[in-house]
């Protein structure tokens, strides 16, 4: 249920019944020729809706700007610093606690947000450990991803506008995918990229890290189901105070 | 046109043609029994879309959290501090300039954001005056508002969930208004409220500042048209470098 | 009574009797050919003294630097950022509370300080709502000003070195006014000035926003009396804990 | 000449002729039974006036709040943190440079401000070394002080409301001294006070560090003359670019 | 070569010849019964020395405090926040560039420092991309680690005071290891630990994540050699400007 | 005893027995041709070890970077800002308190760190006055220094790489002194250096402020003994809660 469509007179009771608020966080960032700039927003939002149904939670409005340092020179990317993101999330978290929520779940659509989300979660924990704060980026999907993928990953942790992410979109937001424009681009990410600041323009012109033409809704569904199952379990534990 | 639905391969050219980016900024805040918590987001977003059509601009994804200090104790309100908001907006503004935009228009749906928006605009001006930054909250509508309203305002500058704002919603986002629940509540705002920190709980329980039952789409349309005309003019001047 | 001329051995008792501290805040800023750079300091200080007599309060030393962004390019202006001003005021407020004051009244002589003063007041409120903090800029004078003025205002909220402000000076600090140099300058403030950062050099060379030659001590006295009456009432309410 | 009594139309030329701005910085702080809370403000201000005459400089309005950590628990003290003070001074310094000043002289009336003043001066130096920034606290007076004093100092660097400081007041601001109330109080400052945070309440109840009854205008004059001579020399060198 | 044992008269020439500065960064943190609190400092330092020999670089003094949030409640841990660490590293980096270094290599002995190091590296990159900044935590050793380990890892990315880290110590700093006290402790790290703030006290009492009794200098040497080879290659590329 | 060589299983008991943690803080800074860049680190560290033996305290790992603004342009100097240093020290202090320490002693090897250390100590005092924080830079040695020195000091408070500091090194770390390269350089420090930002390059090329050839281990020992005696006394008082 969308939190922002509730009204103030009735929402208190529902908060105390649901206890869980889900904040989708995405980004505006280059995603190749076949995916929109807002891909990470769409993924975070749609995934949050599915999750909310399963755990009877509220979905907050999507925070649609994230930390996109690596791709900030690409057309269309809008970058917000880790510090700005942390401050924003911490403010939201404190308000949620004051409103009566006990579990604050961030559903992340963009890997680059992970550092800010974890840091904000720790700051909130220091502020008040009673508020359970979670940062979720397709949890528990390493294995299923390695099973479904037909091409090797470009990088241990990055996936971007590729077979995998495009599959998520085909499952969650197919109306925004233009498979006719999908390309295969397997950049050679230099070893140093994990050890020194390396804007992605140094190794790709498309921002596609793999073979997007192999994407399918079926692949996307398989991974998302696993992710959702893990998310549900994590939230249920958190509601029980673990 | 929604910026986040563009793709990276085609967006550069369009940016250089349009030059104007519109950022709707709203809030999640109590708005009485008949309007949703996200009223200010809906208003900012819908108004931005109308404006974008008129000036051939891009609409960025809505920033859906704002500074709601006065109502932060009300059920459903989520508050972000002025400082957090300023940092976030400044980051976005710098990215927009790097992307090639020349005019950054913030369409504000919530009075409480005004201070942060103006401060961020000045900070961006100091950083680079070539980027024109605008902060617009129904500009130039004082007269038309005083003409259409059937009840006196509760306050010189505040209007909230009342005849006026409800009319905006009936015109711009009627599917989210429940007029059956609309009430008339004319709080006596104490004189001191302009001179000392005064949470609104001190003078209202409904967060409605007026008679919402008198709202109509016609009234809303009259004001919004005037606002839009002024916005269009301001943006056109800015594009010409004034 | 001037706080800084008290001595440490006797002041505690007086603080606990008076309970109210008044901080005049002004600015160093261009005020045309007939008024000194320190106009806002003189106004804030003299007004504070009159107020202190009425409410039996202490007057603190004037904070003589303010936020003068709009006029900072004019000869003689000295600008302090909102952030610096907020931090300074918050520190002072906390000390006042530790000293035993219950009401901290800022008497503002310069519109540009309003944002920082309100923000500082809210921060102090969050810190400890027992300290009542007030920010006063000629409160409750809209009507009397519109009655006494012979020329229309240049702007809805700005008045500067004009018929009005010069009248205040002629009443409160006449020895610093040189009426022989008073001029009439009615700039056309562009509509955009309320919506985009607009240094005043874009529309005035004199920094006079009106007809200063029409100023008189009588006009000044009329407005100041109304302002003082409102200030007295506000402070008395605050002392009673409202 | 007092800068704030100049007007904007004539001040530019004078700035470019004088080149030197003097900012008195004091404090509101307990100074025993015979001296007012604003002693450091009075000293900084009167000394600045004498200095301005000698070097043909402008005197800015006194910044009347300082860092009084050690005495902040004493009746009447108002404490501002080093950080707040630094930010405030840096802002003023930048404005002075933009206005055309080449030498920014801080005349300090309160030892506790020294750290913030030096830090601010270094920050301004990093920003633009063309602006010469000076922080002056009775420079070059060690010898003359040791000659005139009849009682040994309580501490190597502190002097407070004692024979010395009271003498300064008797010379510079005698109308604010009540010698009938002057006392002799020679606290034993513990050795640890230089090595661990030690509020002065741990070793004095009067805040007088010496024998104030031995103060005289003559003693004050002797020291102030030496201080002034050194200040004049320093400023003249700075004007010549050294 | 240890930078701090050089003298100022001869060091400039050597800097311009070597071009590379290595900063070991460790932590003071609980490491079980058999390893000292300073394990990460010893590892970072010894590894840096070996590296410096290979690439003809200077070794800077070890920064011996790091971010140890997860274990900060354990006896002996000293925690420094990410923000403090970032500021410190950025200052050092800027000085190194001013001194003539072209490559700034951080050799990390503690996983918890990774976020701060990467963030500082990016901040330095934005400041001046000419300075190459590297953050190295046993680079390129995933495979060799999986080959040598006899027990499965407790976690995908954490290793701590276990077979692996103890082996590093036995190779690099054996005099600080007490194998008689080595224990095997295989905690079940809950799935949630990657998704919500989880102090390690929730799943371990020893802070040992594995079987330390299986450690050997041979195992340590195998991994360290691979790490060193990768580090050498990365630095040589950086020196050539890649 | 070196804290970082303890292990987590045994350290808690020792902390509660010793109660005192000593943090050596030095710098990397030009020290003439005969002393290494790390002179201040060596002095702080060796002195801390001697002190720890006397008061049964733990010695923490040396913080080897300090504020070296005055000499930052000299070859080999690495500068850290006061703000960065303050944040780092405050974090360490809070951790020490959480670990059970009651006295946190900073042994300083570099005058330039004094401001940051005192400010950090005050911040910790405001946080929790139960933790006694000390900042020690050769306390109580003014008289003995003036007795042993054969040449007059260059400056009232600075001594650097001269007869005095070289003597400390000859006593505490002789293996790092190369007396063959020792020089005598008596710069004329301009009077203004105490009153305006003055990089030392303006008055010295060697960074030696005196006659290093007159240094001897005996002189060093005499001063260090006095310093140690004072330090011991201060710490014993602090342990007793004074």
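Note that the chains take the letters A, B, C, D, E and F in the order they are written out, and that residue 1 is the start of every chain.
Methods note: a residue touches a chain if its C-beta (ideal position, glycine included) is under 8 Å from a C-beta of that chain, and two chains touch if they have at least 3 such contacts.
Heads up on the chains, UniProt names are A, B, C, D, E, F = Creatininase family protein.
Note that the structure is predicted; figures quoted are calculated from it, not measured.
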item: Farthest chain relative to subunit B (Creatininase family protein) (centres taken as mean CA coordinates); value: F
item: Identity of the chain that, by mean CA position, is farthest from subunit C (Creatininase family protein); value: E
item: Contact-pair overlap exceeding half with C-D, pair selected from B-C, A-B or A-E; value: A-B
item: Self-contact between copies subunit A (Creatininase family protein) and subunit B (Creatininase family protein), residue sets same or different by half; value: same
item: Subunit A (Creatininase family protein)-subunit F (Creatininase family protein) separation of Cα centroids, rounded to whole Å; value: 49
item: Rounded Å distance, subunit D (Creatininase family protein) centre to subunit F (Creatininase family protein) centre (Cα mean); value: 30
item: Touching two or more other chains - residues of subunit B (Creatininase family protein); value: none
item: Ring walk, subunit A (Creatininase family protein) to subunit E (Creatininase family protein) and onward; value: A, E, F, D, C, B
item: List of subunit D (Creatininase family protein) residues in touch with subunit C (Creatininase family protein) within their complex; value: 2-12, 15, 28, 30-38, 41, 60-65, 72-81, 83-85, 87-88, 90-92, 95-96, 98-99, 176, 178, 181, 207
item: For the subunit C (Creatininase family protein) and subunit B (Creatininase family protein) complex, residues of the former touching the latter; value: 69, 82, 115, 118-119, 121-122, 124-125, 129, 132-136, 139-140, 190-192, 194-197, 230, 233-234, 237-238, 242
